[in-house]
Structure formats: C-alpha cells, structure tokens
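Since the structure comes first, as structure tokens, the remarks are kept for the end.
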Amino acid sequence: QQPPVRIALIGPMSGTGAFEGQLGLEGAQAMAAVINAKGGVAGGRKIELLTYDDKGSPEDGVSAAKRAMEQDNVDMIIGGWFSAVALSMKEVTRDKIITVMTSSQHPKVTEEGHKYLFRLNATSAMMSEFYSKAICDRIKPKSIAFMNVNDDWGRLELDNYTKLLTGCGIEVKGHEFYNRTDTDFTTALTKLKSLNADAIYVAAINTSQGATIYRQIKQTGYRGKVIASAGNMNPKLVELSGNSLEQVYSASPFTEDGAAPSLKPWLDQYRKDYKNDPSFIAALGAQAVQTLAFGVDAAGGDPRAYDKIAAALKSQAVPTVMGELRFSDKGQASQAIHLVQVQKKQIVSVRD
Amino acid sequence: MDFTVFAQQIANGLVNGMAYVLIATGLTLVFGVLRIVNFAHGEFYMLGAYITYFVGTLFGLDYIAAAAISAVVVAGLGVAANKLIFWPLRRDHEFTILLSSLGLALLIANGGELLFGADPKYVESPFADEVLEIGTVTLTQQRVLVFAAAVVALIAVYLFIRYSRFGKMMRATAQNPDGAALTGINIGLVHTYTFALACGLAALSGALVGPTVMIFPTIGNWAVLKGFIVVIMGGLGSVTGALFAGLLLGVIESLGGGYISLGFMEAIGYAMIIAVLLWRPNGLFSTARGLR
Amino acid sequence: MSPAANSGEILAVSNLTRIFGGLTAVRDVTMTVQAGEVVGLIGPNGAGKTTLFNMLGGSLPPSSGSIRFAGTDCTGAPSHVMGQRGVSRTFQITSLFPSLTALDNVRSAAFRTTRAGWGAAILRSPAYRREEAELRRKALEILAFCDLDHRADTLADAMSYGEQRRLEIAIALAAEPRLLLLDEPAAGMNPEEGQRLVEMIRRIRARGVTVLLVEHHMRVVASVCDRLVVLDHGVKIAEGPPAKVLNDPEVIRVYLGREPVDA
Amino acid sequence: MNTNSHGHSLGQPLAIAGGIAALAVLPFLAGNAYLEHLLVLWMLYALLALSLNIVIGYLGELTFGHAAFVGVGAYTSAILSTQLGLPPLLGLPLAGLVAAGFGLVIGYAALRVVGPQFAILTLGFGAILFTITNHWVDLTRGPMGITDIPPMAIGPLAFDSARPTYYLVLALVLATAYLCHALVGSRTGRAFLAVRENAPLAASLGINVFHTKLMGFVAATAIAGIGGAIYAHYIRVITPDIMGVHNVAALIIVVIIGGRGTILGPILGALVYIGLLESLRVAGPLRMVIFAALLTGTVVFLPGGLISLWQRWRNAHKSENNLPATPTGLPSTEGGAK
Amino acid sequence: MLKVEGLKVRYGHREAVHNVSLTVEDGELVTLVGSNGAGKTTTLKAISALLRPSGGTITFDGERIDRLAPHQVIERGLVHVPEGRQLFPEMTVLEHLELGALRGRPGSMGFAERLRWVYELFPILAERRTQKAGTMSGGQQQLVAFGRGLMANPKCLMLDEPTLGLAPIIVDTLADTIRNLHGTGITILLVEQRVDLALRLADRAYVLETGRVVMEDSAQTLLADPRIKTAYLGL
C-alpha cells in the first residue's frame, strides 16, 4: 500500500459561511471518492482530504494553513473560498506549496502570479463581461437597481455592472449595500422598491441571505424583474426562496446538463453520498481535486514536485466536471460560463 | 420626502421592533428575577424556530400547532438548563453565571449546527407570502402576526407580573432571594417558572420571526444582542420599558437605515442606546434595580 | 495631638433641610461641633439622623441649608471630596469590602493618608517600601484596637454581624479622619461589648478626632458623649449635656419611654 | 478575591523563577513551527486577557468593548506601517497610545454608568468602532481587511516567525504581569479593589470612583492596543472581525475561566483556551460542542475559575484556616428547595 | 417542640457551629446568648434551612426538618425573623406584610384582622404602608421585618436581634409584644445582644461560645451568674 496524497481543504465549516463551505467539501469528497475508487493517482496512491475550518475569517485561514503545512505536513492545499481569506492565506502558502483557490472572485488573488498558486473560479471581470451581455441582450431591463453585499466583491460587482450596463443603455437607478451579518432586508428593499427600477440585481454569496432577499423582494410588493448575480445560483437557494426565484436569471460555469465525461460519475457519487443537490460550489470542490490529481499524475506521481506540477497545469488542458480547464501563466483558470434560469424550481441552462 | 416610503419604513421598524421586544421580554424576566445575564437566550430563540420547522416538516402539523409545541418544548428545555446550570450557581458571582450562560449558548449553537445541519432552513407559514395592503403600507400577514402576537403575549406577561400572587413572589425573589425564602416563597419554583416562561417566550418569538427570514444555527447571536440592548435601554426588569425601547430601536434603525445609511444602521441603533443611557443611566423605565 | 490643640469649631450646620418627595426628613437643623468633642445625635426611629449623616458625608445633597467643615463651605460636595477633607463615616447598614480580608479592608481605607501609587510600586522605591511596611503595621494596630487582630486574614464577608460592625469602625479609623461619623456602632453588640466601644471612642477622641455619634444604646451615649443633640421628625428638639437632655420630659416622651438609662 | 495576600514565603520567588525559565525554553521543546505559532497565540491571548482582567477582575466591571480596542491598536499600527511606511516598532507604542485615547474618550462617557448598563454601553461603542472600521474603506479597506502588513523588526532582528515573536510577547506578558502585581500591592490598586467591592464606601474614604475606574480602563485599553498591534504584525492580516463579538466572548472566557482578579488566572485561561481548541481538532465536527460542554462544566464545578483548583488544594493542605474554601467566600452548604 | 441535636454547620472548610444541641419546649421562650461570632445566627439559619447542616438533626413538632427547603419549614409554622432584615427594597410595606401572610398557617385571625393587629402594634407601619422598604430608616425597616414575620401566624418564632437599631421607646413596645406573644402560647427562640433584656424575658437560656454550648440554665439563674455579668453585661 502506497502512502496517500494528503490534501488540506480549508474552508468555512462554521459561522455564516458554513453552508457554502459544506457544499464545497462535499463536492471535493465525492470527487476524491470517485478517483480513489478508480485506483487513486500516480498508480495507486489514494487521495486523503484533511478538513480545516477557517470560519470565514482571514486570521483563522492563516492559522489553518500554517497548521496544515507545519503540523500536518500536507502535500497540497485547496482553500480560499472567501476572497478575504484567500488573499491573506496566499501570503502564507505562496511559493511554498501548491494551492488551488476555489470560489473567490477577487482579481488580486492571481494578479501577481505566484508560481504555485491556481484559482478556479472566473474573476468577477470575466463573469460580468459574459453576464452583462446576457442582461443587455436577453433580459433587457430599461433601468436597474443593485442590492449588493458590502464587501470587496459586492463593490466590485457594482462598479463592473454599472459600467457595462450603462454602456448598453440601461439606466442605473441606485444601489444599496447590506452587511454580511444582516438577516432582514426590508429597510433596504423598501428603498430600492421606491426607485421604481425595471429590475433589481442581487449580488449575494450567502445562500440564506440570498433566499431572504429574494423572498422579501416579493413581500415588499415589488413587481419588476429580479436578476441574480453570476455564480450564486444553487438548488438550495431555489428551494428556500419559494416561488420568488421563478424565471430569475443567473450565470454559472456549472450546469447539471453539461457534457464533460467526468461529470456523470461525480454526480452519481454525490447524489449517493449527500442529500444536497450538486451546486456550483460543490463542482468547484470537485474541480479542485481533479486539478490536483491531474497535476500529480502529469508530474510523474510525486505530489511534492511542485515545479513540475505547476508547469504541467499551466501547459495542458485539465479535464474537469465543468469541461476542460486552462490555466493562464498566472494560474488563473478560464471557465466556460453559461446563462441559467430558474424554471419550475429547476435551474436550467438557457441556450440560444 | 416621499410619504409612502416613510410610512412603510415606520411600519417595517415597528414590526422589527416588536420582534426585539418579544425576545427582550424573556430576557428581562430572567434578568429581573434571577439576576442572570442569559447569553443562551438567543439559542432558545433559535431552538424555537427550529423545533417549529421540524414539527412542521416531520409531523406535518400546521404552523400554529407547531409553534405552540415548540414553545412548550423549549420551555421544558429552559427548565432543564436552569436545573443543571443556573440554579446550582445562583449564589456565585454574576460573572461566573454569565460565563456559564456563554458556555451554554456555545453548546446549544454548536450542538444545533451538528444536529440540524449548517444549511439554512425556512419555516413554512401560510401567512409568510400573503401580502396585506394597509393604506399605502405593504406588509405580509406574517409580519402583522408577529406584531399582534407580541402585543398579546406582552399584555399577558405584564398583567401576570403586576397582579398575580406569583408575580409578587417573583419580584420579591428578584430583590432578595434569602428574604424571599424566609418569607415562605419557594424560590426554586420561582426560578423554574421564570425560566419556563422566558424560554417559552423566546421560542415563541423564534417561531414567529422564523418565517420572515431564513433560519440557521447561529441566528441566536443576533437575537440575544438585540434583546440585551432593548432590556438595558428599557430599564432592567421592566416589561413596559422593553416594549418602548424595542419599538424605538426598531423604528430608529429602520429610519436610520432608510434615510441615513444602511451600513450604519446598527451603529445608529447603538448610538441611540448610548444617548439614552447617558441621559437616563438606568434605562427609560427604571428608577433602580428590580423587577417592576 | 491633644484635644486642646485644635479646639474651635470644626463643623457648622445651618438651616439644613432635606425633603424626600412629600416627606421632610430633616428640617431646618442648625448645630455646631467643636473640635475634639464627642457629640451624640439621638432621636426616635425615622427622626432623620442617618439622613443628616448622609448629607454631612456628601452622599446626599441637602435640599437647602449649608454645611461648613473646618472653615470651608462643603454644601453639596460629593462624597469623595468630603472623604479627602477628613470626614469619615460608618454606615447604619453594614458597608465594607466584602471579598477582601479584614487587613486589606483596612489597608484600602488608608487611601487618604498614603502617597506611593502604582508608579512607586512598579519601581519598588524606598519610599514605597517604607510606606507599605508602615501601612501594614498601622493596619494591624487598628485591627488590634478594634479587637479584630485575630481575624486579619478573614474575608469581611465571612464575619459575624458584630465583627463586621467593628471592622467598619476600623475602616473609618484607617482613613485618619478629623471628623468621625458613627451611625449606630453599638448595634449588634452586647452591653459588655458596648462598654469596650465606649473605651474605644474615648481613645479615638484622645487621638484628636472629633466624633459625631448616632446611637440607641443609652448607656453608651450617656457615658461617652460630651453633648447631645436630639432630633424628632427631622427637627432639633433638644440640645445639651447628657444628664440634662436625658431627663428632659419631652425627650423621655418621644424617645426614651421607660427604659432606664443605666440598664 | 484576595489577590494581594499571597504568603511571603521563600517558595514563591523560586516558583516564579522556575516558571519563567520553563516558559523561556518552551519553544525549543515545541518541535515544529506550528506549535511555536500556538505558543505565540497563547502569549497574545494571555497579554490581552491580562489587560481585560484589569477591568473585569480589579475594577469589577464587565466590558464588551475590549476587542474593539485590540482592533484599534491593530489597525493603527497596520495603517501606519502599510500606508505611511512607519517602522512597526514605532507603531507599537503609537497603537497603545491611540487605543488609550479611544479608551479615555469612551471610558469617560461609559463609566458614568455601572454594571450591565456599562457592559451594554461598551458593546455599543465597540459596535460603532466595528462599523466604522468596516465602512471606512479608504482607510481600513473595509471588510477585506489589510493584508501584507510588514513584520516587526528591531534592527537586524526581525519578528517574522513564531519563535522571536514568542519571546517578544512573553516579555510583554511578564511585564504586564509585573505591572498588575505592582498594582494590587499599591495604593492605586487597593483603590481599584475598593471601588470594585463597594463604591459608596470607597468614595466616603476619599477615593474618586470615576477617576479610579477611568485610570484602570485606560491602562487596560492601552495594553490591549499594543497586543492588537503585535497581533497584526505577526499574522500580517487584519479584518474588522478582530473587533467582533466572537473575540469579545473569547477574551471574557479566557479571563473568567482562568480566574478573574488574579495574575496567573488569565495566563492559565489563555493556555487552556488555545490548547483545548487545538487539541479538540481531532474531534472533527464535535470540536466546538465538546469545547462548549467542557467550558460549561468547568464553570459549574469550578465557579472560581481554574486558579481556584490551586486555592482549594492549598486550603485543603493548610490546617485550620480562616479563609473559606470558595474564593467568593460564600458558604457551599446552604439549603434550598429541591 | 423544637429540638436540635449535635448540629454542625460549616462554611466551606471551616466549621462554625460544632455539635450544638438545644431544645425549646412548647410555649417556651428560650434565648441564645453569646458574643460576636459565637454562631447564634448560623444556628438559626440552619434551623430555618437557609444553611444546610453538615451534621446533626433538627426536629420540629416531632418531624425531621433538616432536609427541607426554607419555605417548607415556614409552612410548618416555624418562622425566622432574620438578622439584617432581608427586606425587598423596591416593595412597599404593605406588600411585605402581604407576602408574610402568603405561606403562613391559617389561624384564628384572618388576613385583615392580622394586618390591623400588626398596624396597631407598630403604627408607623400603617402610616408608611405605601413607602418602599428601601427608603425607610434603619429602625423602621426592622419593624417591617418583624411585622412580616408576625403575619405568617407562627407556631414558633425565631428572632435574630429584633431590637437592632430600635429607639429605646420602641424597644419597650417590642419587648411587650414578645412577652404578649409568649403569653398567647407562641414558642419563641430569641437571639438578642441586649442580654439583660433577653434574660428578663426568657424562661431558659443557652450560652454559646465559639460554636459550642457552654452553659444552659433558667434565665433567672443566668441573670444572676457573675460570669454572665462580667462577660456579657459589662457590669
């Protein structure tokens, strides 16, 4: 029996982001199970996932990364779900260990291009470029108002979309920022409703905040269109939001009806092991494991041959559940993004 | 300024404020009678919402029945918590008791996360999405229900404390437990009932507020902080004080969020508390310590 | 310091009044105390004695009237200012530092007369060491003076009522006051202990401290006071040497009843 | 608690010297960098807890705002070093100074009330500081926090890894412990305790209650600010979370579980807090539940904090003694309803 | 009626009452004398179940009461007027008297009658019925505590320094009241620092020193005892 490849998965396992962290973990575990069932990587080494809780806080993320590297001596790291955590964690891990950052969209994560750092999610710029086109061409609201979370990502979204949507003639009527800890949004929504915009764009990462916002938009009596931010549509959100997400659009690199060969076994495994429906976050978890496994294989089986692994990942296409992934020299992945819509409580991809 | 929006914000604030009041009432009872700063109160609120959810989904009971069952069950849990933790510590320093309640809060919150899962849940209520138009103001039936039920519960609690014999015993125990014991008051029973009442109220507020938002295992944190603010601002142990303070806080937050800055909404609430306490150090409705 | 050295008026109260809601607890009281005197303040329950003490000690502002202490006007001065000026008191409802030992109770009380603070303690300056040693010696002496030396390491909370009363006196003494206000010090003491209290007050006076004493134990009052002031319903109704005041028919009617003074 | 009536035996200085020596060699026994990191965290928490203990233990007031002052210190030094390029070594005293300034203003307003009202006022001020930090994006970078904070350095000696930082914080902890020790043995400290025990009586003895409390509060906030600054330069990233209620609760837990009003208590409490949370990682998802259960159980069975174990032991091994067993001096044998 | 045998009470590790035995017969007035810290209050608190004894037994009316809760002791007619008054500062005089009657035994007098009786004994209570106890003078508070105890219609009354802080004229009234209560057949256990007064009222007396009974005799005998005279009366 060969020793396993030890991969640290650092994510929010408690606190407000716990649900999202859980989804990512499940996705990664299901993928590890699929790979291990087929004999593991590098001719027989199993993948062992070690979980660390960053509580969604940068300080805890740094501590967790230190522990993973210094105490538990892991081979590689998956982590950085929230941008703030990703940004500070990379300072500890950069140039020391192969790290795959997952959902954080902040451009700065891959801006400097550290040699062992990879990021899967599309940056907000890539997402917004795609999604704003869809909004302009397909949804076509005359005017729009924004309901964004008050953090870097939410602020970035506002800037990006204000620029892009004004560019295609949509009037931006106003915006509200809510706090990451808020549980009730009636005050903000009352203000937004009074702007009489054609559509309200909601940028919410947190599932429970999102669901509350979508429900409360309807409850305030708003009758216009609702647009969900890119990358933040998942089955749980749809379930929690009742009817209020019906016909609402979003954009996502993940769709259940994708064509990637590895999607099906993973979906099966996931559905078997967990009660949740697979979501984009879970797919990112799976993708991260696939990326690392591919890198180890490509580098000849040594999970510590970081230079080789990095070189391999940057030079070849990585087959994943969301299709083929290509990494830039700075470690940024480019993902295919699809327009999705909620129809009869199902997230379906909209294709022309 | 647009009057419709103004009226709507006032209405939002009153409903949110009433939810604070409901949470604060149980807290003020436990504080007023037992001198316990109960950080776990928010967790009983959380349990109230979750038990309503599970009774509804697992046993298929309707919302009202589920809420009632949850209030009773949580009242029982409160009695157990009192028996195991607070009663044995009743003569210890207030900071010790505070820490024990902090420990209990952590225990219930994390235990809840383990038992209920980290995923957010939604308490189904037939009133949740039904919109009522009252003049220019739009409210869901659920929000109206929060307000109405709170009013009823508050009046009942107030009358109970003010006029019942047991209320008198509670006040006596609050002011001097030894003296109360020597007067023939069963202070153990007073503790038990107070906890049952307070936790039942907490659960009721969880069940009522639940359908207006999402529930997840850490909602108690938020609830207990708001509750404390209201209790202190209203005056320790004063139910009337809690009522006014809660409504005031709700409305100020709503107007502050609506007209000044949403990001500073909470800070505006805190600023008001600071102003109130500097103006009246014992809170709006208080002359000294003790349950009234 | 001998009593003669600081003779002269130390406390002058004029037209002092305190009203609580509709109740006038102290009405138009005018009195003076000479330095080195022991003056007894007596009167029925609720006559206003404690209220008067509270005003003198600065914990209760008067409704009207004025207080002069040692030549300065102190009307309405807060408690810690009165304390700093040398008015020290015991409380009718026992008041001490419950979870400190008896010794620490007394040492904490010496705030007014000590100088070496935190800085000196950090540097362990010779002045600090000297003062601490002196303070310890003095505190133990005061405890011994109050018959509490065997209880030096006992928490105040864990003492019996009578012991707590004596600890209160020890605390008040440790502040080295010029004027000592004692509110029913003999409460909770038996007649024999009362006798010892009398001895103690005499010795306190011998140190040059002026004493104003509220007390219901007539034997204590009669044997230690130079002069008595009688309050009833907040009004001063009699004043003079004990022998005369205690035989005043009005005082007997409202206050003494039939209890013989020497019982 | 009778902090200042330790016996003056020869054993005590020896024990202290032994303890310090043990602390000094600890990093060499740790074995790996991560354990050294934990040692740093222990000392940082001990430092912050010691400062909080001045308010909770000596002044007897509960503050929910302490984490905010830690944050003020952390942000002060972080901003000075990242935006103005000030050497962190200079930032440290400035952080203490700025935190103390905030402490002075906030204490001046909040200390007019006592007890739970004071606790809520400090919570309010803390929340306002948090909100400002969270929203003043130009200065603090808001929720994203400040990253790339440079490590501290004295000349060629950089505190960029755990071991040197450990010694730095250890020195500060020892200094603070000595400050507290000197405090309780001084007139000032006795005034603190007098105010804690009985404010009206303290006032009647000439102690200005308000000034005394304010002095203690400001001292505590200054130390908190310095602790926060060290933390920022060590972890090298800070977010407004540092001011959040979680940190408030953590510090209060550390002080009370260790033993408020004592010097060893908060240090011990920090060790147990950090050590327990870390060793419970093996429990996986049960980690926090077990932690909370242990915490609650400890409070119920050891109401005086961990330090009271030692006090119990000492009482049991001293023949007939005047001190009651529990540090609060309350009888453990009272009856009551069943 | 009340029988205490081998009573031991500890505070933490320290025993404050060692092996105290005493009996109070039906209708008797017994006093407990001792200097400060002798353990008088501790003994009374143990009897009324405020403290749990670590040894010994307490029987009342033939029934063991040392494992009961305080309110159960009162329900049996054993009422304790405590040292230090133990009032409810924010409640009025009348509320105190009402609470006093709450758990009392039903007796010959109804509540209204009993209230009138207490008001007659201490007119100041009637005058101040709506004043909050916390704002009353020390002596007035003492009367409230005493009145509250009387409202419970006690079979046996334990008084811990009832004359504390009372003006001489009221001490007289109180002494008369105690004598009258005794006359109506109520059993009384009196702890009093005015030893002379106590011994003149009592039938029998126990002398307590450092937690032990050191003397026990009829009150007259003790009043004349030279040791008592020097140790407690200061004569």
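A, B, C, D and E are the chain letters, set down in written order, and residue numbers restart from 1 in every chain.
The rule we apply is simple: a residue touches a chain if its C-beta (ideal position, glycine included) is under 8 Å from a C-beta of that chain, and two chains touch if they have at least 3 such contacts.
If you're wondering where the values come from, they're calculated on a predicted model, not measured in any experiment.
Path length between chain C and chain E in the chain contact graph, taken as the least number of steps between touching chains: 1.
For chain D, the chain with the farthest CA centroid is E.
Compared on C-beta pairs in contact, A-B and A-D come out with A-B as the pair having more.
Most remote from chain C, judged by the distance between CA-atom centroids, is A. Distance between chain A and chain E, defined via averaged C-alpha coordinates, is recorded as 75 Å.
Chain centres here are Cα means. That of chain D falls 48 Å from that of chain E.
Centre-to-centre, using mean CA coordinates, chain B is 43 Å away from chain E.
The set of chain A residues that touch two or more partner chains comprises 13-14, 150, 179.
Residues of chain C in contact with at least two other chains: 158. For chain E, the set of residues touching two or more other chains reads 11, 49-50, 69-71.
By the touch rule above, chain A contacts chain B in their complex via residues 13-16, 18-19, 21-22, 150, 176-179, 181, 183-184, 186-188, 190-191, 194, 207-209, 211-212, 215, 218-221, 236, 240, 242-243, 276. Partner chain B is touched in their complex by these residues of chain D: 56, 62, 109-110, 112-113, 116-117, 119-121, 123-125, 127-128, 131-132, 134-135, 245, 249, 252-253, 256-257, 260, 285-286, 288-289, 291-293, 295-296, 298-300, 303-304, 328, 330, 334, 336-338. Residues 165, 168-169, 171-172, 175-176, 178-188, 288-290, 292 of chain B are the ones that touch chain E when the two sit in their complex. Across the complex, chain A is touched by residues 2, 4-5, 8-9, 12-13, 16, 110, 113, 118-122, 128-129, 131, 133, 138, 140, 212-214, 216, 218-219, 222, 253-254, 257-258, 262-263, 265-266 of chain B. Residue ranges of chain B in contact with chain D, taken from their complex: 31, 37, 84-85, 88-89, 91-93, 95-96, 98-100, 102-104, 106-107, 109-111, 113-114, 181, 186-189, 221, 225, 228-229, 232-233, 236, 263-264, 266-267, 270-271, 273-274, 277-278, 281-283.
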